[in-house]
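You will see subunit A twice below: alongside subunit B first, and alongside subunit C after that.
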Partner chain A sequence: MSQISLVIYQGLVLGAIYALMALAFTLVYGALRFLNLSLGALFTLGAYVAFVISGQLGLPAIAGIVGAFVLVGLAGVGVYQIAVRPLVGRPGWEIASIISTLGVGIVIQQLIQLVWGPRNQAMPEIVSGNLRVGDVLVIQYQRVAVVLVSLVVMTALWFFLTRSRHGLAIRAVAQNRDAAYLNGASVNRIFMLVMALGSGLAAVAGVLLSTVLISLNPTVGLSYALRGLVVTIFGGLGSITGTLAAAFIIGLFEAFVSVYLGEGWKLPALFLFLIVVLVIRPGGLAGVSAEERT
Partner chain B sequence: MSAPTSRTSAMLDRVLIGLALAIAVLAPLVLHSAYWLRVLILICIFAIVNQAWNLIIGYAGIWSFAQLALFVMGGYTTALMSLNLGWSPWLGCIAGAVVATLASMVIGIPSLRLKGAYVFLLTLAFHEIFRNLFILDTDQRFGGQYGLQRFEKWNFGGEGSVEKLTRTYYVALALLIVASLVIWRIIHSPMGLAFRSLRDSEAYALSRGVPEYRFKLLVYAISAFITGFAGAFYAHYLGSISPTNLDFNILMTQMAMIVIGGWGTFFGPILGTIVVKLADEQLRDFEQLRTLIFGAAMVATVIFLPKGLVAPLAALKNRLAAAIDARRGDADPPAA
Partner chain C sequence: MSGIGGRPVLEVAGLHSGYGETEVLRGVSLHVNPGETIVVLGPNGHGKTTLLRTISGLIRATAGDVAFGSRDTRGLAPDEIAGLGLIHVPQGDLLYGEMTVLENLKMGAYRAAAWAELGERLERVYLLFPRLRERQKQLARTLSGGERRMLSVGRGLMGNSALLMLDEPSLGLAPVVIDELYDRIGEIRASGLPILLVEESATRIEGLADRVYLLENGTIAREGAPADLLADPALLQTYLGIA
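After this line comes the complex of A and B, so read on.
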């Protein structure tokens, strides 16, 4: 029984972080129809920005999170201008943009390594203290704060997408680019906005994860970008509700595997799970139709 | 392009290929150093893998990232055969190729019905699964993180390391030529035509009855066979194989080779392998910078030279052909 509560606790924390990461992929894919593989490196960059703001400058954790969101969001616009915009609309640009954003991601990751060095750095805590429940489960306030921040960000995103003019424009572009353009949405500006939002979300996910791990290093983004992709695909590329459900299912699944089978089996089990899902239900949870699976 | 130009162009092609082959054959005699021979052998092996990868990623439109996993699987197969059963390296190479082909079917049957981003992620997932399984292998059947060592290395005779390496190089070069010829035949077969039509106008190709899934599986299997063979050859060349062969940086370097050389072109992967490998050797002292440079070069190539470095070279060749035609046209006008 106590093992189960451990699984649920860990799974919720992981799910809250994966949800942000996967929303980053899904927002960009939904609007631009391509996989932005620089998000893994931007995720790491976000963690380092917060490390500088809260760890080295000693500002409050909330400043680190906001700073990471804003600065990495701007970096995302830079990635769009440099590596994506020249390619949009070329024949075969989906694979070309995968390769170019992957390349930009490598460059960002290597720059992080040059600036901060390859070793682990200690990440400051957001909140200290913990609560003991039963004999196995120890709830750290730190992790509760992580889940709360994630929920706040997701709620803000939901309000932005459904209640603001820009959010409406993003959804319009995602549904039908040409019709949105004909109705006066500036597609290029929407793309920049989406890249900024997606990169910002990835950055916040990076900050939250490194506070949970209490450390950060330049390569942390890669395996979490892969997990974010797994969640995105499992949820159904481009579907936001599917992505949220998938994030928590995957989080719980991963916690279950690591509690019962051991840490090392997390990634292989996750990928086997994904393969089985895609064979049975290729559209993911949200059931994207066959024509859209391009 | 008029007929005489293309005939001259084809003739130039033959001259250039002949020249490249001559350089490749004569290189060991000129360089005559163990260091350069090792570089050349690795160029041959990676050029084979990149040719096979380009066949599926550049021509067949399958965004598979499991290529390195298949390569390493070929290496592990032959290492296990050699260590446990005492098989000869050549037999091990064939076993490695067969196992890689079977593995490619395990990957391909669920993946190839899907498209684009899904194929990318699923194949990358297989790559990660293989890497983790090798590392997690706690009962040491696959040697865990250290991999497998101390199995038979190639011995094609010869005295001294330079002579031995020269012979190994010629074998590797021969394999590269055979693999390239096989891939050339596939690209210029009806199946290759079908793939180009699928890539350029899928709806039309499907409506003309191109059996997409079956063709994709077939070309995926052929690519895996070549890759597995190369992996086994590589394992016997180094005398070791380990999960570090699956590092993400290596995957990225391979990708950079294809992209910089020119993906979806026949000579691109070979040119890219040579350029990137030589640059890699020059940058040996700058471990940090070299991945950064390859990443940046990859982005720059995708944006400014979508067909890679072969494109400007091909343009140069065509201008040369045109110039030859013009001069020949002055002296001796072609018969109507």
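After this line comes the complex of A and C, so read on.
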């Protein structure tokens, strides 16, 4: 019983972080139809921005999160201008963009290493303190804060996408690019907005994860970008509700494996799980086919 | 009504356009005067859709001029052209299937100037198509064919429209539904908004069109009053397969 509660507790924290990371992938994929592989590096960059703001300058954690979202969002616009925009509309640009964003991601990761060095840095917690429940489960306020921040960000995103003019346009571009053009939406500007938003989300995910790990290094983004991708594909590329469900299922699954089988089984089990799911449901959880989405 | 009110709303001169190496339009010239409803008739595959897609900027013209009011729209992106008030209701509706009817309509008013009057515009469209008000919370993909077409036209009217281009509004609809839709188009015409409509069938254009162009093999084969063209059975038979 107590071990199950541990699985749920850890799973929810992981799920909250994976959800943000996967939403970043899914937003960009939904609108631009390519996997933005710079997001792993931008996830790390977000953590370092918060490290400077909260860890080195000593400002409150919220300033680190907001700062990471804004600055990395701008960096995402830069990635778009450098690595994506010159390719948009050319034959095979969706594939070419995967490679060019991966390249820019490697450059960003190396720049992070040049600026902050390869070693682990200590990342301050958002809040400290524990709440002991029973004999196994110790709830850290820090992890509760991570889940809360993630929920607040996702709620804000939901309001933005359903209530605001530009949010509506993001969904419109994802569903029918020509129609969005004819309604007067500048597809190029919507692409820029989507890249900024996706990068900002990845950055917040990076901050949250590093506050859980209480440390960060330049390569932290890689394995979490990988998990974000697993969640995105499992959820059904481009589907927001599918992505959210997938994030928490994967988070709980990973927590389950690490509690009952051990840490080393996490990644192999995760990919085995993904393969089985894709064999049964090739379209992922939401199972949206390419024809339905367009 | 033609000729009254000064310069044309839309003037297309010597327009060439196509897809890659394939040229579809080979020098199309036509114009729409203020308040006019113009119908371009032509068989399938002779360039009607390409004509509208080139005017609205979705396809880049290879040669020729398009003037909308006093603006030369060559080289402008489709969103800029839409912003000028040249509204294109495309073939096949191109709705946002996973968005509600209301959200589809709101996207029609995406430009800041139209968004500022969202409420009034919505009311106007709901007045014209009361069915859309009933369906406003439904996802667009759940609508019937006729409702989809109404939503597509309604979404176009949400914009700052100074000219409405309709691509085969009757396509794929039952005759009763087409009648109803054409009544609504008649109401839009009566409001004074100029319309450029393309159709394959000549059956419903009498009484609606001020002038008719026949588009054949990417060029304008004839122009005239609808009564003159419809009175020429040989011509209708040849170009449109209608007795």
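Here is the rule we use: the second predicted complex is superposed on the first by the 289 of 294 C-alpha atoms of A that agree within 3 Å, B and C clash if a C-alpha of one lies under 4 Å from a C-alpha of the other, contacts with A are read in each partner's own complex, and residues count from 1 in each chain.
Keep in mind that, in the parts below, a residue touches a chain if its C-beta (ideal position, glycine included) is under 8 Å from a C-beta of that chain, and two chains touch if they have at least 3 such contacts.
Remember, it's a predicted structure, so these values are computed and weren't measured experimentally.
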| item | value |
| --- | --- |
| Partner chain(s) touched by A:42 [first = subunit B, second = subunit C, both, neither] | neither |
| Which superposed partner A:196 touches (first subunit B, second subunit C, both, neither) | neither |
| Dominant contact partner of subunit A by residue count, subunit C or subunit B | B |
| Which superposed partner A:279 touches (first subunit B, second subunit C, both, neither) | first |
| Subunit B versus subunit C as contact partner of A:111, first or second or both or neither | first |
| First (subunit B), second (subunit C), both or neither touched by A:22 | neither |
| Touching partner for A:149 - first (subunit B), second (subunit C), both, neither | neither |
| Partner chain(s) touched by A:212 [first = subunit B, second = subunit C, both, neither] | neither |
| Subunit B and subunit C footprints on subunit A, overlapping residues | 293 |
| Complex contacts: residues of subunit C adjacent to subunit A | 56-58, 77-80, 82-83, 87-88, 90, 94-99, 103, 106-108, 110-111, 114-115, 155, 159 |
| Parts of subunit B lying in touch with subunit A, wherever the complex brings them together | 57, 63, 110, 113-118, 120-122, 124-126, 128-129, 132-133, 135-136, 199-200, 248, 252, 255-256, 259, 288-289, 291-292, 294-299, 302-303, 306 |
| Residue ranges of subunit A in contact with subunit C within the complex | 162, 165, 168-169, 171-172, 175-176, 178-188, 292-293 |
| Subunit B contact footprint on subunit A (complex, rising order) | 29, 34-35, 82-83, 86-87, 90-92, 94-96, 98-100, 102-107, 110-111, 113-114, 222, 226, 229-230, 233, 237, 264-265, 267-268, 271-272, 274-275, 278-279, 282, 293-294 |
